[in-house]
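Should a chain be cited, it is by its letter among A, B, C and D, assigned in written order, with residues numbered from 1 in that chain.
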Amino acid sequence: MSDLVRPYGDTTGDGMVQVSFTLPLPHDKRAEGAALQLAKKMGMDPALLVHAKAMGPDFTFFVVYGSVTHLVDLREVTVVEREYPLLTAKEVNAAVKRRLRRKLVVVGACIGTDAHTVGIDAILNIKGFAGEKGLEYYREIRVVNLGAQVLVPDLVERARAERADAVLVSQVVTQKDAHVHNTTAMSAAFREAYPAGQVPLLVVGGPRFEEGSASALGVDRIFGRGTTPGEVASYLVDALITRREAGSRADRRSA
Amino acid sequence: MSVERATLRLAGLSGADHEKVPWVNHLVTAVRGQVGLEHGVVLPVWDALRRGEAETLGMLAQKSASGSIRFEVPEGRAATTAARAGRTAVARGIRTIDRQRAVRDRLIRRHGDPRQRPWIYLIVATGDIMEDIPQAQAAAREGADIIAVIRSTGQSLLDYVPEGATREGFAGTYATQENFRLMRAALDETSRELGRYIRLTNYASGLCMPEIATLAGLERLDMMLNDSMYGILFRDINPIRTFVDQRFSRQIHARAGIIINTGEDNYLTTADAVEAAHTVTVSQLLNEYFAKEAGLEDWQLGLGHAFEINPDLPDSFRLELAHALLARQLFPDAPLKWMPPTKHMTGDVFRGYLLDGFFNLAGAMTGQGILLVGMMTEAVVTPFLSDRDLALQNVRYVLSAAGGLTEDFHPPRDGFIQTRARAVLDDAVRLLETIADDTRGRGSAYPQPLLAAIADGTFGLMRRPPTAGKGLEGVCRKAPGYVNPAIDLLESGPAGVTSSRTTQGRSAR
Amino acid sequence: MSVERATLRLAGLSGADHEKVPWVNHLVTAVRGQVGLEHGVVLPVWDALRRGEAETLGMLAQKSASGSIRFEVPEGRAATTAARAGRTAVARGIRTIDRQRAVRDRLIRRHGDPRQRPWIYLIVATGDIMEDIPQAQAAAREGADIIAVIRSTGQSLLDYVPEGATREGFAGTYATQENFRLMRAALDETSRELGRYIRLTNYASGLCMPEIATLAGLERLDMMLNDSMYGILFRDINPIRTFVDQRFSRQIHARAGIIINTGEDNYLTTADAVEAAHTVTVSQLLNEYFAKEAGLEDWQLGLGHAFEINPDLPDSFRLELAHALLARQLFPDAPLKWMPPTKHMTGDVFRGYLLDGFFNLAGAMTGQGILLVGMMTEAVVTPFLSDRDLALQNVRYVLSAAGGLTEDFHPPRDGFIQTRARAVLDDAVRLLETIADDTRGRGSAYPQPLLAAIADGTFGLMRRPPTAGKGLEGVCRKAPGYVNPAIDLLESGPAGVTSSRTTQGRSAR
Amino acid sequence: MSDLVRPYGDTTGDGMVQVSFTLPLPHDKRAEGAALQLAKKMGMDPALLVHAKAMGPDFTFFVVYGSVTHLVDLREVTVVEREYPLLTAKEVNAAVKRRLRRKLVVVGACIGTDAHTVGIDAILNIKGFAGEKGLEYYREIRVVNLGAQVLVPDLVERARAERADAVLVSQVVTQKDAHVHNTTAMSAAFREAYPAGQVPLLVVGGPRFEEGSASALGVDRIFGRGTTPGEVASYLVDALITRREAGSRADRRSA
């Protein structure tokens, strides 16, 4: 297969896409021209304005079909592949027991004013998600689920009190980038409260985080739509046990 | 003319010259040029073979193209001999059709029919058979039970059937024997994969209706679009030619166990679906009449109707239900074909997706037999791959979530729905009476009142006089000695196909 | 605590300091700090006024903020005088509420109620009241009958009501007296323009439920989200505080002629809509009980339920119909509020648009009272302007095209739908019996079995013990001498509002 | 109002648009990355992949929401405003009668293999469209409607035989640019068959012509979706009478 692909409408290479949007203009010929201009700027050529509808006196809704001239270059697609091996619950428990020799402590919360707990509960509660049991089910993991609308200072305090290995935070509301603001505030607070190098593993999740933005947000990892508890457990083992051991082995070797 | 070519195809004549003119066209044109078609082609052709003008039918056709064959209409013993030889050759073709029907029956027994009613009917139309095939297979995997390959815009007015695998149609793919074969083979593979027999459909209409019907029988297509008046109204094909051709093509369909789909939906694209509702009923009754007359059985009558009422009309959905129920009750044993909204679809693809959902619901609630899947881009483009996928998702949701509503749906006798259904039926009966009582044509060359009604624009608002339209030159009046063994064999009825009738009769409820 | 603040608001105390802390908060906090709240704020406050600590209620509040006021709980004559003065002040507020109710009645008489049932309910949620207003007006022009302004995510846990016009909410706009006023004024204008009274809705829930209810009455809001358990379950507010606050707020709603909307739909976002169907019924019965107890009448009970069954489930639509019919039949005189799919909406906006169409259909077929319009981008973003427009187009099509289906919809007694409805009702009765028979709490501080059931996670799978949750510190046990003229006035019942009851009672069928 | 506008989701200036398309790739992380790359190339930033669904083993369907960075510059929108005055049927008849002094002859057809006559019938037949009667209703216009699937040579011949003032052609099928091919073939044939300057007015119509492409197609004017018969009649009067008179007056003046 070639490394360059184009969208497919009904024939290879036709480049067809569908777009809809609203412009803050009354519906008239000028607005239609404006819609086509936007479509052209988006790379659609030819662009077919197939629907235009006035929404009150000041706005018009458009549907445009057309062929985009852009090529998708597959060589430039960077895929964040899972960087850790997927373990069964048994394997996770075994790894924690044998190599950490104590329970792994996880503190979870929805922070800010976000009250959407279904996502974090799916990861933490026994009931779980998509047929997988949540972290509470893992014998060697101790879960402290603080629920919704937790203030950042409270979260930090509780994490210290529980000696959390990892802090799991959920953010579902994204309007006006609420999730970004809350997450960066949270990671900053942890960095301030803990001595360098001792900050617990910071993990955030939610359906609308931008992939690859973990470091910008100051956290260790982001989990998106459809995450399962097993993935999170496996990641925790990898990040908190496997990689640290590897790190200290390397330290010892270099010492 | 196309009936004669179809006869030659049954006798095994296929292929085309280097300019893609089929040999059947060369041969029929040559015969016609020398002796006319009043006696049919079989007598002159097999007479020429008997006389040793060429060794095989194929060679005869080739030579006839260069004008080097002399044709005669044989008489007496010579005629009997020619007729017998022709009959033997044609019978081989009919046996192939019978064999294909048996294969279909076997495959249905093996893979099974669709699990649900209505059967889900989906169109592919890229213009390129090589793109059509994967799209059809994908559609079947997503739930389509029937794949229809739409034809290129130009084909119905071609007075020949193109040859070979084709890749350059406009808004559709040419119907050719090879394309039929390729697609049927691909779908056989997919049927195996899915454990469900996927049916294939094409169009027996236009100037080559009889030949395409024949090719469909030979290549085991399972359904064919075939309307007694569509060509007249929507392709301006001469009415006489159309009535002649549809008779033959339907005899073939009857023999091949093919389900026909009629085209009443088309009327509603040019006429208003509420005002003209009764013309749909009348046309269904006519299509039923002509079909039975040609030997088709109830389970083969995919009579058409459509969800084409202006959605802005109050109670539009209930009007649709009324019309759909009427058809269901008039033809309880026919696998009615329920067509989606097209005329009132717009570029608002969201609205279109919703409308298609209600179309699906009406189909499920009124127990339609075949549901042609509507596309949200109907008013925009020929369907995208994703349109088809979304459309099937729509159908699946509606049938699964709400299909059972039939149990709860009991329009009261004096309620809106039943009252409307009765009104449409009354109008239909009245229109049929008017047509039957029309005496204007009496004594003229075309005394049939139906022809007068068609000329008046009764159907789809199209006026089509019996002397106008394309292809009239291809019609001629039979001479007393006309011989066509295909027609004779078809009229003598099929042998040993009762089994399949019962199988499908049952599944067609 | 918020009940006391609400009482002060009725007495006319409004506004906030330069840090936006409302004066009612300052005053109540000061009283509480000095003498506690066991006797209510009215006695200490009007006693201080009588004693000349400040000239007006407003000045008293301001001075109390700087700690310069000494409060006492008066006794004997002093108490009677203070109570009487307080009552006079509070009665003025209640008269304003009565006046607003009368204005509403007049405007409804003038402009009229919506032409169809269900009434069409639409949410705006930009966070900025100045953007909300044009969006709300546009929505009304496109067919919305009720506009709800969603609150900013943070507000329900604020223990004060923000002040003034606000432009910076997250996923919603703050509920403030000024925002209420601005929006109601804008919709009054639009009602005039459209010849149809457009109702306005907000949320009386969270830690300030009583105050917001009061402001709603003062500013003539028409409906309020108000559930007896929502705050407990979904905002982790202390159960005792919630039950205290909801009682007062419902008394206000009763007086103001406001229709409440309960939140059973929310349970189905955390629990499964099929398994937990009976908990919806139980909660509806509880909400009805608490509402009647607080003086609300049937036409004011917008009991909630939702279309939240997994659409991939076979017969999911018929299950929805069963649940919706059950609610309709249990509460024939209540304007049930029918909530759209949210949990099973995905980024496939086409599928979402279809699902919303079937939600609309279920609402129409089962005669729901209030239909909250579903948005195709539910799983994506807070609604775009165009989502709302498309959604209203969806509702209009379904109601107009298929609304009459009720006439044809008669689920048979032993059919799927009625059987399912009976099963849900049986489960609900059984659960109520289990709760009533629960004796575990007997003799404890919280003997009520309902509190135990809530602690067990019976509703929405949320476990909420009576001693946990936010805002418990704002609750105190009444002393024997507790005085609250608002409660007294509200309990003595409204005067001269029978007319409006009948008007709306009729339209609420 | 400013001359620069952006799409409107739920707040002024948020730039939000919705896009859907198919890529010829199996559904995996790479395909999702490819979809986001396309969205970025279309100017969406941030782009949110909200839906991805495998369609068989080789294709994936995507829905993307996001904010486009493009600005629409209203100053650059060129609007084809109606360049002729809208006349009533009476006025049209009067103008033809008084100034042309004979009936105006119009020949109409769907050419090529296009059989969609509803559009041209809407313009020509008495029945008309959108409540307006068609050109046949105009006493001073003689309409010859050739129907569907007319061959270009036949059209040219008939136009000459009828001494057509204007030829009206409809094209509805646009797959593989059929309408463009047919129209250019048609205009070329007319130019070949007629002496220069005597070619009848060539008008095409159909729902999917690109606005502003008349001269590229070699025709005098294009009519799009929702055209009414009155517009066409008014245009004919303007193009065939008013402008010609103006032209000859100018000629006379300059002579």
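The definition used in the following text is that a contact is a pair of C-beta atoms (placed from the backbone, for glycine too) under 8 Å apart; a residue touches a chain by one contact, two chains touch by 3 or more.
None of these values were measured; they are calculated from a predicted model.
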| item | value |
| --- | --- |
| Any chain that touches chain D and chain A | B, C |
| Which of C-D and A-C has more C-beta pairs touching across its chains | A-C |
| Far-end chain from chain A, centres as C-alpha averages | B |
| Centre-to-centre distance between chain B and chain A (centres being mean Cα positions), rounded to whole Å | 53 |
| Cα-centroid distance, chain B relative to chain D, in whole angstrom | 34 |
| In chain A, residues with contacts to at least two other chains | 8-9, 12, 16, 18, 20-22, 48, 53, 59 |
| Touching two or more other chains - residue numbers and ranges from chain B | 348-349, 379, 381-382, 384-385, 390 |
| Graph class of chain-chain contacts, one of line, ring, star, complete, other | complete |
| Of all residues in chain D, those that touch chain B in their complex | 20-22, 53, 55-56, 58-59, 61, 112-115, 117-118, 147-149, 173-176, 178, 207 |
| Of chain B, residues touching chain C in the complex | 311-318, 321, 348-351, 353-355, 357-358, 361, 376, 390, 393-394, 397-398, 400-402, 404-405, 407-412, 415-417 |
| Residue numbers on chain C that touch chain D, as the complex places them | 125-126, 128, 131, 135, 346-349, 377, 379-385 |
| For the chain D and chain C complex, residues of the former touching the latter | 8-12, 16, 18, 48-51, 53, 63, 65 |
| Interfacial residue positions of chain C with respect to chain A in the complex | 127, 134, 137-138, 141-142, 152-154, 157, 170-171, 234-236, 269-270, 379, 381-382, 384-386, 389-390 |
